[in-house]
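Let me give you the structure first, and then I'll get to my questions.
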Amino acid sequence: MPDGLTDLIAELARANRILAHEGVLDAFGHVSVRHPTDPGRYLLARSRAPLLIEPDDILEYTLDSEPVKPTKVALYAERVIHGCIYQARDDVMAVCHHHAAAVLPFCIAGRPIVPVFHIGAAIGEATPFWDQHDEFGDTNLLVVKPEEGRSLARALGRHAVVLMKRHGATVVGGGLKELVSRSIFLCQNAEYQMRALMLGAAPPLRRGEIKLAGNVNLMPIVVARTWEYWSTRLNASGAMPPPASDKPKRKR
Amino acid sequence: MPDGLTDLIAELARANRILAHEGVLDAFGHVSVRHPTDPGRYLLARSRAPLLIEPDDILEYTLDSEPVKPTKVALYAERVIHGCIYQARDDVMAVCHHHAAAVLPFCIAGRPIVPVFHIGAAIGEATPFWDQHDEFGDTNLLVVKPEEGRSLARALGRHAVVLMKRHGATVVGGGLKELVSRSIFLCQNAEYQMRALMLGAAPPLRRGEIKLAGNVNLMPIVVARTWEYWSTRLNASGAMPPPASDKPKRKR
Amino acid sequence: MPDGLTDLIAELARANRILAHEGVLDAFGHVSVRHPTDPGRYLLARSRAPLLIEPDDILEYTLDSEPVKPTKVALYAERVIHGCIYQARDDVMAVCHHHAAAVLPFCIAGRPIVPVFHIGAAIGEATPFWDQHDEFGDTNLLVVKPEEGRSLARALGRHAVVLMKRHGATVVGGGLKELVSRSIFLCQNAEYQMRALMLGAAPPLRRGEIKLAGNVNLMPIVVARTWEYWSTRLNASGAMPPPASDKPKRKR
Amino acid sequence: MPDGLTDLIAELARANRILAHEGVLDAFGHVSVRHPTDPGRYLLARSRAPLLIEPDDILEYTLDSEPVKPTKVALYAERVIHGCIYQARDDVMAVCHHHAAAVLPFCIAGRPIVPVFHIGAAIGEATPFWDQHDEFGDTNLLVVKPEEGRSLARALGRHAVVLMKRHGATVVGGGLKELVSRSIFLCQNAEYQMRALMLGAAPPLRRGEIKLAGNVNLMPIVVARTWEYWSTRLNASGAMPPPASDKPKRKR
């Protein structure tokens, strides 16, 4: 296994834990990254709560969302979200699907999330809505079939975030750390937008401001700072498993 | 004592702690499970805050809510809630009564909780209200008398949740882990419903969606994932007592 | 020093820490208890944040709020709140003054807190308002002068809680553990009342219900349960100092 | 290095951590202090999340916000906020720029924060707004150019707090501990003001009350109490690094 892959798998496990610890993911939700050398594959954990994901839990998938190596472990039912977006968007290197508490009220009320402060500009100018019912009628609201995944990818379009009515959100990024930042900033933006609305108004940033502010906090120098911060908070929480060397290895 | 019973008692103690740690129970509230081999009995802790319940705290009750073995320990005053529901509902294997912060505002305002996102479908299509005052006039609002328990069970009917005016909620399940999941999902749903209302609207899922989505997150494969997650969070909180082997046994 | 007093001092230190950990007190606020054998004295900590109070921090005061033994340590500026209430109310054995986050919005908006669920009945039927400005004009809003303390005690009257406009609240109890419970229940009630108002309505319990429910959760059997719970949460927080035996004693 | 400077650097590192732990700072925001013996210089960390700042991270800057010693470490982009305010205000000894969750909704809605309880009086009578767009048009909303910093300092004027539209706030103090207190009290005041508005009204303190109450909680005796409290909470959180003696020194 090339070292780049080993490192990326460790980073993906940590991304899972960070996003869980910061309140983006809970028992549900998942985060994937495109394979570093084979753009036709992606990496995603087996079905497990994100706070608990370790490198040994990460599996390799084709873009049809089938595991590359046959496995008996349980898989996330909604993994087509990831595969279909990687198929539709060459520029997307990482995907996060979640039901964050800050975002759900907007997904339920059908009210769009717009960037209301400079850090929120990382979500882009608009967050389109996708309603599974429009195309598929009554379902259990899970995105399980390839046609459901493709429909969601179409709604996402060239945006960075798509809101899923009465379900949650899916966020994409040009890299894993960028994705983690955007996912957390989306939640902060939604929370502040909601509270500002309760104070009377939550006007969005101007189009020019969004363009200029959108990438500032996704630059490597800033991402290094945020990643160190979220990692420290995660470590201090005591929710980390013992280091890998203390445990018997599991065959992947 | 048969092994199945020992395991179930340990699971019930853990269910108490998980529900306390996740904010469903606080100093008050209780959770019971029907006896695994004798449907005419149920298991419930002595009067103690749920976060602290250990297997040694669990007692066996008849469906008249009398302890099977005479005991001098203090008992929950409202245990008829459990007995009366087990009498009325053959299909119910576990019961949780609580005053969760997310649910209380609805119980006070008299506004029903409805499923507003796919995970919330686990609460079912409707959550009927029960007002102790309607039948019993001024009381201390505790459900202590058998006729009060029976009245509550009638209000519950075939539903999974009954809201108790100016008091709390009672939730039932076809098994203990299903009950834990439903109780937590009810709180999430209530919280998101409230916030969506503040954004303007919180329309319920469609009837067909509720039917299809209602059981998805109560399936064993999902419950294994949520139970592992909530257990890990509980363990990381430092609120667990030392393992039983470190302590002198108490005679039950 | 009689053992009863030593125990009460330890209990008072713990009450300080519990009320801080449960969000009633923060850097400010204080809690006192009447002397167990001399009703003309009370016990209160030196000026220190309640989360940190240890038995060695507790001092003895006359009802004029002067320390019985001369001391050079800093004292709470607002201790007349305690002395004046002990003078005015023979039945009061413990007093807590605080600026809890749940209560402040009501003190600012001038909207009374009323019992909206059975546990909230512990605050009594009404929570009168006291506005320091009415009698004393522009001040720094601290209750420092004996006449200010007496004015506050008059506003409290025979009630269990008095709300202080743009300042906080003062709560009294027939014992220290009763006071701790009432103070925490007041915050829960205020929080739920506010959220119910946002859902449309927060009607109070009926007068008969308040009378019947008011004392239920202040009974020794319930207080034992709540105290054990709050103590366990405090211990798990890691904010406790090392046990006294590990530290050099400080002369009181 | 004189001892006074060493102590102040340690205090600044701790101020960073306290403000992060109390929710004023997150991955972003920064706090500085004027040099204790050279008023033409100030101390500020390298670009790092405030929760992680250690004494070795602190650098010395001129009031033009250039590091006194050449360095290769990354620097905060917005350090002109600090330099320009120290240039404009002789009386300011410490500056904090932040995006606190309690304050952002007001910065987005454009609704001023006013002192609504006695402790909130520490923010002063008014909190002026500064909108970067008024003078500079579309930007990324970061205060990076000296003219932007000077414009912000003009908006601050003789006040203690300036709110930055769709961005955050900048707070100043006559000393580092005073600044920490004011920054935390601003957040509490904003939170309570918002909740009081939802209850119907949040009238400000009277002018005379603000004058009288404004400095009470910034007095050394009170600051000693609050600083000990916030430090204890920080220590209990487990987010502190090991003591410096356990680690190899880094050259500053």
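Per-chain numbering from 1; labels A, B, C and D assigned in written order.
In the analysis below, contacts are C-beta pairs under 8 Å (C-beta built on N, C-alpha and C of every residue); 3 or more make two chains touch, one makes a residue touch a chain.
Predicted model only: the values in this text are computed from it and were never measured.
Engineer: When you check each chain against chain B and chain C, which touch both of them?
Structural biologist: Touches both chain B and chain C: nothing.
Engineer: Chain A and chain B share one sequence, so how far apart are they rotationally when you fit their Cα atoms? Give it in degrees, rounded to a multiple of 5.
Structural biologist: Superposing chain A on chain B takes a rotation of 90 degrees, nearest 5.
Engineer: Do the two copies chain A and chain D share over half of their interface residue numbers, or under half; same or different?
Structural biologist: different
Engineer: Could you put a whole-Å number on the gap between the CA centroids of chain C and chain D?
Structural biologist: It comes to 32 Å between the two C-alpha centres.
Engineer: What is the distance in Å between the mean C-alpha positions of chain A and chain C?
Structural biologist: Chain A and chain C have C-alpha centres separated by 46 Å.
Engineer: Which positions in chain D are in touch with at least two other chains?
Structural biologist: Expected reply: 197-198, 238.
Engineer: Looking only at which chains touch which, which shape fits best: line, ring, star, complete or other?
Structural biologist: ring
Engineer: In their shared complex, at which residues does chain A touch chain D?
Structural biologist: Per the touch definition, chain A meets chain D at residues 116-119, 121, 188, 191-193, 195-203, 205-206, 208-209, 211-213, 216, 221, 224-226, 228-230, 232-233, 236, 238.
Engineer: Which residues of chain C touch chain D once you look at their complex with the stated criterion?
Structural biologist: 26-28, 47-49, 51-52, 74, 99, 101, 104-111, 133, 137-142, 166-168, 194, 197-198, 237-239
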